[in-house]
Amino acid sequence: MNVASSVVLANQPVTSEGIVAASVYMEGRRVANIAIDEASSWRSKPGHVVWIGLHEPDMPLLTSVQRQFQLHDLAVEDANNAHQRPKIEQYGDGLFIVARTAQLIGDTIAFGETHLFVGEGYLVSVRHGASTSYKPVRERCESCPRALARGEDYILYAILDFIVDNYSPVLETIQEEVEAMEADVLANAMTRAQIERMYLLRRDLLRLRNAVGPLVEVCRRLEHDDLPMVRSTMQPLFRDVTDHVRTVQEQIDSLREVLAFAFEASLLVGQAQETLVSKRLASWLAIIAVPTAIAGIYGMNFKNMPELQWEYGYFTIIGVILIACTTLYWRFRRVGWL
Amino acid sequence: MNVASSVVLANQPVTSEGIVAASVYMEGRRVANIAIDEASSWRSKPGHVVWIGLHEPDMPLLTSVQRQFQLHDLAVEDANNAHQRPKIEQYGDGLFIVARTAQLIGDTIAFGETHLFVGEGYLVSVRHGASTSYKPVRERCESCPRALARGEDYILYAILDFIVDNYSPVLETIQEEVEAMEADVLANAMTRAQIERMYLLRRDLLRLRNAVGPLVEVCRRLEHDDLPMVRSTMQPLFRDVTDHVRTVQEQIDSLREVLAFAFEASLLVGQAQETLVSKRLASWLAIIAVPTAIAGIYGMNFKNMPELQWEYGYFTIIGVILIACTTLYWRFRRVGWL
Amino acid sequence: MNVASSVVLANQPVTSEGIVAASVYMEGRRVANIAIDEASSWRSKPGHVVWIGLHEPDMPLLTSVQRQFQLHDLAVEDANNAHQRPKIEQYGDGLFIVARTAQLIGDTIAFGETHLFVGEGYLVSVRHGASTSYKPVRERCESCPRALARGEDYILYAILDFIVDNYSPVLETIQEEVEAMEADVLANAMTRAQIERMYLLRRDLLRLRNAVGPLVEVCRRLEHDDLPMVRSTMQPLFRDVTDHVRTVQEQIDSLREVLAFAFEASLLVGQAQETLVSKRLASWLAIIAVPTAIAGIYGMNFKNMPELQWEYGYFTIIGVILIACTTLYWRFRRVGWL
Amino acid sequence: MNVASSVVLANQPVTSEGIVAASVYMEGRRVANIAIDEASSWRSKPGHVVWIGLHEPDMPLLTSVQRQFQLHDLAVEDANNAHQRPKIEQYGDGLFIVARTAQLIGDTIAFGETHLFVGEGYLVSVRHGASTSYKPVRERCESCPRALARGEDYILYAILDFIVDNYSPVLETIQEEVEAMEADVLANAMTRAQIERMYLLRRDLLRLRNAVGPLVEVCRRLEHDDLPMVRSTMQPLFRDVTDHVRTVQEQIDSLREVLAFAFEASLLVGQAQETLVSKRLASWLAIIAVPTAIAGIYGMNFKNMPELQWEYGYFTIIGVILIACTTLYWRFRRVGWL
Amino acid sequence: MNVASSVVLANQPVTSEGIVAASVYMEGRRVANIAIDEASSWRSKPGHVVWIGLHEPDMPLLTSVQRQFQLHDLAVEDANNAHQRPKIEQYGDGLFIVARTAQLIGDTIAFGETHLFVGEGYLVSVRHGASTSYKPVRERCESCPRALARGEDYILYAILDFIVDNYSPVLETIQEEVEAMEADVLANAMTRAQIERMYLLRRDLLRLRNAVGPLVEVCRRLEHDDLPMVRSTMQPLFRDVTDHVRTVQEQIDSLREVLAFAFEASLLVGQAQETLVSKRLASWLAIIAVPTAIAGIYGMNFKNMPELQWEYGYFTIIGVILIACTTLYWRFRRVGWL
């Protein structure tokens, strides 16, 4: 992450640490890279949109951005200390949106947060924690000036769409792991390592659900409510994002249920295996008990034990033992205990 | 599936791969088989309805269809890359509907997707994945011109009805399998194969539920909302489909619950069986321990052990052993341990 | 069922198989028994109500009834092929209502369906599957002309009330069985037969819930909605039915939960019993192991084993064994293992 | 209960069995004790309120009360045969309210029902089954004429408040029992008696929930709806009852969840104990197996076994056995199996 | 707690036990510390706000406060006997708010209650049970006169914000404990102490949920409803609190689910461990049974047992035994039973 964002930093005219990009667009084309304190004047020019990207900014930087766009204190405070639920809030004629991002680092899900301030002529994104840079969004937008020309609500759409798109690889990886585990779990009772892995997957999916669930409501409001910021022509685009989030949510819920099924199935498999072990133990104990008991009897020291004097007594008894054991073995076999 | 659809292709004047059928109807009768680029002109003739059926079309084909009916970019994009949740969307005066189809191939459920574009004078169906051809729908509609004469919303109804009807054989097969398994599961603890089968059934039912659940909302909106496309006289028909989907959903939920009951019951049966094995093991160990212990005692080499010198000591002891073992056996029998 | 309905048939001027009764009422008194094709003319006479009862009619009969009252095609189709969810639908100024009936045959619940067509001056009931004849309803109505004089919506109320009343004996029987089982289940781990019976009860209650659940909505609509058919003076009566259905639903839900509790409790009882068996097994093994081990030692053939030469060595050892075993027995007893 | 109500009967001019009290109030003071058939005339005097308390009245008594206040047939029928869900119904300008009461008799919860008819100038309470007499309510009301002077809706409030207050001791007793059980359950796997007690508690809480749950809706309607009976100045009082019912409901739900947690915890404790028993069994079997096996070997009758001839062979072997057993014992100890 | 509040008492001109503070503010600055019976006159001066803090006041004190601000009887009664659910109620132009507070004392959560009376020109807080003093809130407000100058609804916000903030350390501590336990639980089956700890955590989280859940509704109403007390400019602040409560609730729910997952995982781990013990037991029994059985056979006293006469019979048999045991050992090893 740090590597990626430092690459981004290298490509951009950064005036302060924490600023990933700060540019002005007109009719979908980049007009200038600007400093934060020029933002307010650029923003007020008709048809111009200021797009600023921040990454874990310090408070002074946030405050200077706040001054440029008259952002609400509470929203700026939220943006400063992360750990917000996804939400959308309207402050005067500005919107404040929080979304949680997710990506796989190794085999754990790393969560991040993105805070978006949108208003007439500006969009400020603030990234926290593990989250992909929005450089690809910027590039894609710039490569399609006609779409970008629609203004700041299009940028908002592009970023939300990007965030939601990034859930998919995470989910696909989990899904593959679950499917791989399925076969193992059903073939054999789970090992401790598998139980642990499943437990962690369930916990991760729970977190992912917490990230995605409230986002449905955010998107739905962008699609349906009469927000001052969002032109009605943008609504099909936001509806598309809503749809996408719902699909992601459905997949998460399905995976959660499938893991719950797998836990239950594993309990049954484990029980079946335990019974199998008990049956085997019982069978072999029975088989070995026969020679022990018989031999014990002929090991007694009674003076008068006629069989002991027989010429072939020993061989007879060995034969009896073999027959008894073999019979037992076959009977256990037949009832499926061995 | 492929066989079926190629048969369909053979019967139709296909102008391009991916087109299953493209015809114009007037007053419920087929007027002409047309090429895609004629569609727009035919559609605008009063009282004419263009009905196009596509199967996994490539993008150029979709684009040419889009041009004919001015379809919305987002809808076309959705139709191109499948994996949508069932939904209904209104773009201008056109509707875009997504439904998931299901059919049994062997003993697994194969899911497909159908995307429908409906507007004044046209209906385009786009099938993805495993899904039955809509040839039977077309034939049934053509055989009943009076109904078909109602126009494109009747075709929409006919296709949705067909999709929902096709869930039933899938569900019946699952139901039969569940009922067959029930008896086995309750008679004996589940084998690993049965646990696996049940797990897979639960997973399939979950997927089926995801396919059917959102469709209820789609049908309900066709029935209740004032959609530009749907005449009010069609509402009883769509209400009928809604009803049917709800019945399917109820059956799925019932099966899901029954399988959950069966899992729980199986756990109890397994536990009962484990206890039974333990009881048997304990009983036989007790029975076999008696001769072993007694014989051990008379196998000791003490100089002075009076019983050893008795004339009938051996036979007495054998008798004692037999009586003890028989007594134990009967007592275990009586308390149900054996 | 068949016996009952044939008795009914014997008492009525039946013109075709499948017709249970067809009469005209005026001011609450039966005016005439009629043939189906007279229905339409009778119905249009002011103050007259036609009440027709059918049992699994064939399609021609249904069609002739349909002609008399201009019933909607979809409703008639539904009435023909059963397997509907309880619902209420309005077609023009007629109502179509589906309800599921339940009764006990032996110890399984048999489900049936009743379809009701109600409109100005007529009520047609169509019974499918196991369901009590509505003869008692008819008799009770006829015995109270003042109530019956209210018209077809009173008949509708009487039939719905009768259907809901009939759930009660079914539920009471299940409740008694559950209570009887409770004691057994908590006293001992469940036997396989009990697990199976409980599983079947849960499945039956699930079906019963599916029958009753949607009926709440049906009754609620009759009570609250401005249906053309239902006079506002009838609403307290329908509210009474709603209430009754809700009570039934609450009882079903309670029984379902109680059975779930019983399953869980049974798992704990089973576990406790398994542990008990293990403890007993362990205790007895320990007790029997003592003489076996000691006797084994004195059964060794070493030349120099002083104890073997003692005059009372054997008796000493027997004494040691007895003391050891007794001590073990009492200790196991004290800690509750035996 | 019977004792209490007979005491009440002794203090009141009862004209018929089943009447607990029948008085007229004006400006909060008792004006007269009346007979049922005077009720109607007293009620119509301005500013007078008739308050009648019945306990399991027979039908003739109910009918005479009905005549006095023109009560609706359906409400009277309900009041006659108990087994109603808590509900509130409006008949013309009269209200009919059903509530379930609960009290502890020994350690089981006894449920009763109270039916209330309220209208301009009268309140009739009908008690069924186990329920405290409303004598305390009457006394408290009479001791505070200013409040009582508000009229029949104040009496309604006082009775509902009393019913809801009476849930609390029931709940507290259950809570104490649950807390007492908690400690036991977590210290040891549950005994059969404890499992049974817990099962019964869960069932009782379920019943209590069914009694309290619908009462929330009843109170909420008294608080919010524009009922003809309830003056707006009374709404804070009913809001207070609603609040109280909600608190009771929350406590019930919490207890239900806690019991579910306890069941789960008990399953784990039971499993842990089972494993402990198995470990002990295994350890002791291993320790006892060593002398048995070694002694067995030196009990063999081979002609040539050099050790047998050693002077101290026996003592050596005894030593070896002791060392082996002690070593095993300590190792099992160290890994926590013993 | 007592320590803290007595410190507070020492700093304030307390006129009666139970009064923590009583001051008048104007334009955000403290004007005077007052006695309770001056409150009413100060309150009515324009721009003045009376802020009184009580801690478990006795009834006379509450009554004197009530007289000053004309508080509603029911609200005062509630404030007197604690044990209320979080709620917001409007009495005339005054608000009555109940919130539950939580803090860690040792490792158990101690719950308290705070009751707030707010009206034009006054705010009275009443604390019950374990709850932090609101001295920090007072200090923070006084240090920021511009904010405090907004009036009594700002104080309300400040207190609610403080209460909600105080949930966080409680939750964090629980979260850390859960995470620490996670590792243990998955590595080994839970010990009895761990099961107990988990059970207690679940119960505490349930209680915390009951404290926090209804507060969401309280905050939502302060944010959305047109309450006479709350200026619209305060709504973003209350929205912020709502947000915060929702985040807390989400965390509680997540922890509850994670603990449920851990219980399930622990059941599987326990089962796996039980099976492991059984497998080991079975393996060692098998290995030890071999020498026992063989030795038993050669301990028989038959006259004619050729092997006994062999020169190296003994050594051969010892060899056979060793080979058999070693082979068994390795086979058990290979299949993972040892």
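Here the chain labels run A, B, C, D and E in written order, and each chain numbers its own residues starting at 1.
Heads up, the rule we're going with is that a residue touches a chain if its C-beta (ideal position, glycine included) is under 8 Å from a C-beta of that chain, and two chains touch if they have at least 3 such contacts.
The structure displayed is predicted, hence computed values, not measured ones.
The set of chains touching subunit C and also touching subunit D is empty. Look at the contact of subunit A with subunit B and you find different residues on each copy: under half of the numbers used there are shared. Per-chain Cα centroids separate subunit C from subunit E by 42 Å.
In whole angstrom, the spacing between the mean C-alpha positions of subunit A and subunit E is 26. Annotation for subunit C: residues touching 2 or more other chains are 267, 271, 274, 278, 281, 285, 292, 296, 299-301, 305.
By the touch rule above, subunit A contacts subunit E in their complex via residues 72, 74, 78, 83-85, 87, 89, 91, 189-192, 195-196, 198-199, 202-203, 206-207, 210, 263, 266-267, 270-271, 273-274, 277-278, 280-281, 284-285, 288, 291-292, 295-296, 298-301, 305, 307-314, 317-318, 321.
The part of subunit A that touches subunit B in the complex is made up of residues 182, 186-187, 236-237, 239-240, 243, 246-247, 250, 254, 257-258, 261-262, 264-265, 267-269, 271-272, 274-275, 278-279, 281-282, 285-286, 289-290, 292-293, 296-297, 299-305.
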